[in-house]
């Protein structure tokens, strides 16, 4: 087993060193394809072949995509993969066909976050030399997820599995941008079972959660305020100040009343405005999101947020354009699959605690895939492999305890083999 | 005269097409040096020779300076000038020595603004093909100011002027960044008289203001808020939100109580914060300014602004660092010089209205130079040459009526010749 | 049964017509004592006898208490009761001793809200002539609660009940003000069981909830801002504006980040400030509350609220005094009692739906009594008797469907009789 | 002179002890009428006779007027005066007819402010026992103004004055409420000259200002927000929070951009909202004012304020009603009258400094009377009698140095006698 562990660690560290944000996972996809070709899967879909046309959301502008594309090439991404992912159509899907048996899907996500990684020597990736080489960071553990996908494929391929296994390496989860496009591609339509997996989530190494629920429905938005500039000293009274509108909006977004029906969230994640200290700001922009424990609660937040944005603009004589961005629904893990994961987990080496259910408290576009499978009669579960992580998810010191890499592979492999034995 | 007008128009349009913001006037300085060498001045100081070491303020970061430096080279700036201005030491000073007589200074500023120019066909520079080629804009008429400097030098050189004329082409006025460094260089210490000039200021073509007063004292600041990031969905309660601190600060900066002793100003000119829609923002920044009709009023605003920034940070559990940037004092035009300008103006072709005094209502780092000369016994005035301008100063459609170019040159030349006849 | 219903309706309407807010229930206590004396209870405690000294919270000022005291006298409240409740020591406790058996407590609350009642003819109390005669309103159904208390005492008294029944008519629930004082009086220390009851809570007539949980812990606060006044026209710059501090605080109180661990609440329920349009406000006050699904979450909100209040004051050069007011903990209904209520409910006439558990989503100082009993080995439950109510709780059109009056009495009586049969 | 001083001091202290706010000056009017009858004026108009019907603004509600009316009666106000001032028609006008000569008006205002007076022993009125007996306070010196009116009438009556003198004791200046009604009454239509006077204004005892300018135009407003209440714990998401709307409005009112054309002001002088800590506030109210150095600037502020109020309501799903209250225009003192005052002042005992012009920086409804006289060809001036005042105007420790009482009477008398000699 130690050979496997070394291999998983090595793959994960290589991915960790090359983080790429949503829709820019060119090097990552190339690396995945390398692995898949080595494994010898039966079918391999790359880039546009995995994504329904016109369904991607949260796509950055061309210049940004171009920048990462060039960077991937410089770092040695394969030209054939670059060609198939050009324009930001990243991701891949591998199929293993092993005779009669159910079709089982496994979804892992592959993107990193646009944030800087800690340079502290107390941060393991820094100390051991696999800190991010880009200005992005695998601060949510998707490097481990990719590793789970490859490791599980390999293990299942070597087993006596009977059935069909589809592993999708989904791009752009962090912007809730890829799930819908993969769902709409139809690749998973025939799945009898679907497993999705996340590492960490504040569960320690050795703990496993068989079924995650409590996905918050989410909606991204971007509001662009346009006022009128004026000289801040000579004629401030002639300006219409987009930054004042923005500030009023931000304060009141966070102040949207809490709702009795359950959890809600709002975040003004990125703000910017103005051009010079002595010019009354003409432009300002806020990119944010609202969430809710249910779609209704998310809609409540979205509606209130809209009123805040419109009124803040009107208050300061500005215009505002509100663009609705990515969205994802809620979802629930099916008991039948949770039962299997729970049973299998007990026997996995390194697992000392099995939690049947927990709430995510966040959002995930895996819910598009879960819904798709469930709507067609299949069953789905979202499971969690605990890992000791020094910093929280999305922070500069997040890291994965590499002992959790073989745990995840063994758990997923075990669950897939067991599910293949069921006759749905 | 028409030949002169054509020449002035041609120079001004060339400058207009190549706007460069504060401390990045590489091409502009090169162009000025070309003109000065053609004129054959007696002494010529360039770049570091005009600026006291360590006194520049509002200097952008190295990458930004480097970008404009490269751009200037690509557009054909002279290598010798590039060498002398490397690192953002822009500007020049020319001296004409013509026998006995008083020393007279003329100060013009040369920088543009970091804003986009109108692309409308109704905007003359667009229609006539001299719209900015960079992403900056001469939106305050400093292209006309440089033209005044060159044209006046030429006219005085050709006259029977007796005395010494020093024309300083000052960089970085828009960030209140160059005036102090030029004053501290000592070049103007021996001036008996100093003239500064501005075009427009809402006065129409044909109108002249002999003495501008009402300079607002100004102080720039930059506040950097640091909180703690957290996942906006999974653990918002653990974050300390720098963007909430920023929004609270912005709202309350503008709400600093008006003061009975005179005009005050505040502007949160540039804001930015956060990194992703789903991360509670850890960082935010606001760059702004306060002003006052007197230094006391400016200090009142600065003190209140500081309390707002500190308290907004504390309110949201954040830290804030407040950096004080550029400053400029108030100043007053001397009656003795205003008398001369007023008298001369009446005889200048194209002038149909002479206003003795008006208030600027803005800030200017020319006040450093005026104070320096006045502190040493000299006299100073700041005058205005009216121009019909379609858009306001600092807006996308600002433009100079080119009929005001010869008016300014004639007025300044006439005033300098008359002042040279006075024995201070 | 119809005679009973008539009697209950008549009592409830009389109470509804005479609503009295917290610690001002003089007439109400007098009316209750009348009923209790008619019933012939074994012990009767009134006013100070029911309340531990120094434990009341949320007590209004003397003038306000005096006003309602006079009003109660004018309306015919008994002089002996007025004497025992003078100073705002309202409420009563009746004890029925019927031989051996467990001691069972029943707690009902008796106060009204300081809000106006709808005068619409569509509002039944208006149409039928029992709308509030004061400027308060029974907008939360405590008139029904008192009726439940009296009706249940009467029914138990007429039954073959063996044991001790203590019914406490608790004052000042709406300000979370009376629960602690009753708990600390020790009257309920020996209870084996405690039932508390609420009408409505969005459950329709005919529905019963056997055990309410999800009580939000709560803490009231009052913040008093003191700045410095100045003439708003002549010297606004000299003022320190308490209303600006208040406005900044209110905006940011509502904007305290949501918490991942569960429900939180904040409300700036009452604000006031300033004295004249032309005076910069020197004083301002906000009375509000924070809540949390757990005591920890309530403390999180309280801590954040404190930072907001302190910083808002500092921002505007003001002082602030923050007084912490009433508090109440969370609580949970005991399964053993819920089982009994659930079983009994099925047989009560008029009940067509029995819900085992539901969340309150609000706060209640009954939790002090529940905790007290539970801490000493007793068991407690909080149950709900559904009622169709046209307007929401605390709104002007709230009303109780009087069909739910006999349902409540039968349910409570049935539960008490069944509990008396248990041997704890 | 000492006898006169004693008499003036005694009158002023009596007035100081009985302060009454705008439209509630019942006792004050009675006291004035007493004095005027003692003096034996030729015509005396009281209450409704001085005020044009329907032109009063800023009138409080009936209950408030009634309260002060009763209070005045209890303190011994004359029944005949009470009858003529019933309903809040306060004030008086006395006419002295002394043969041929110009008609000269003198306007003094008589109301106090609704604020508490300092109880410190360092506050002279407290130390010497003439601190306010009501909960209002003569914090602006109108007690001195009334004294000037009476003293001047007396002195002129005893002089060889030839002409007509009309002294108006105007109510409700503090709410900008009485000036228009007196102007519209027509009593001053035939004035050749009009003097208005104010004590203090930060000028020390012994200093006199011959002509005050810089009156800020003013407009009062009252905004009433109506949302929807809800239980703050159980269903906050159903509320529409009027206090959040108010807070957003207040913050943004103060943040209305300063204007380059001159001084502007805004004040949210009184705020109130909500009814209980646990109810989402349904109602909120802000009473405030905007000012400007010109009517245009005042209109700019009013327009912006309106946008703020409307948008703040919309942002929180509330309605808002904005009622425009009292208004007053700007005004300028006429040089011809200022010349006379300046000349006379030099000879008045106790005057050691004569300032020709100063700016008020506040608002005054004397401007209605000045405009009225000026519009009909007369001339007007507003003058100031300096007084050392420990606290600022409108603060709890404001007080008048009584040495300035005879100074004011002598100055006004001298100016009136000199003006009477002019033949306009």
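Order of writing sets the chain letters: A, B, C and D. Residues in each chain are counted from 1.
The rule is simple: contacts are C-beta pairs under 8 Å (C-beta built on N, C-alpha and C of every residue); 3 or more make two chains touch, one makes a residue touch a chain.
Remember, it's a predicted structure, so these values are computed and weren't measured experimentally.
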Chains touching both chain B and chain C: A, D
Same or different contact residues where chain D meets its copy chain C, judged by the half mark: same
Greatest separation from chain C - chain, by CA centre: B
Pair of chains joined by more contacts [C-beta pairs], A-D or A-C: A-D
Distance between chain centroids, defined by C-alpha means - chain A, chain C (Å): 47
Geometric centre distance via CA averages, chain D-chain A, whole Å: 67
Contacts with two or more other chains, residues of chain C listed in rising order: 234-236, 238, 241, 244, 248, 251-252, 254-255, 257-258, 260, 265, 280, 361
Interfacial residue positions of chain B with respect to chain C in the complex: 234-239, 241, 244, 248, 251-252, 255, 257-261, 280, 300, 307-308, 310-312, 314-317
Complex contacts: residues of chain B adjacent to chain D: 251-252, 254-255, 257-258, 260, 263-266, 361
Touching residues (chain side chain A, partner chain B) in the complex: 113-115, 174-175, 201, 216, 218, 220, 229-236, 238, 241, 243-244, 246-248, 250-251, 254, 265, 267-281, 284, 287-289, 291, 325, 360-363, 392-396
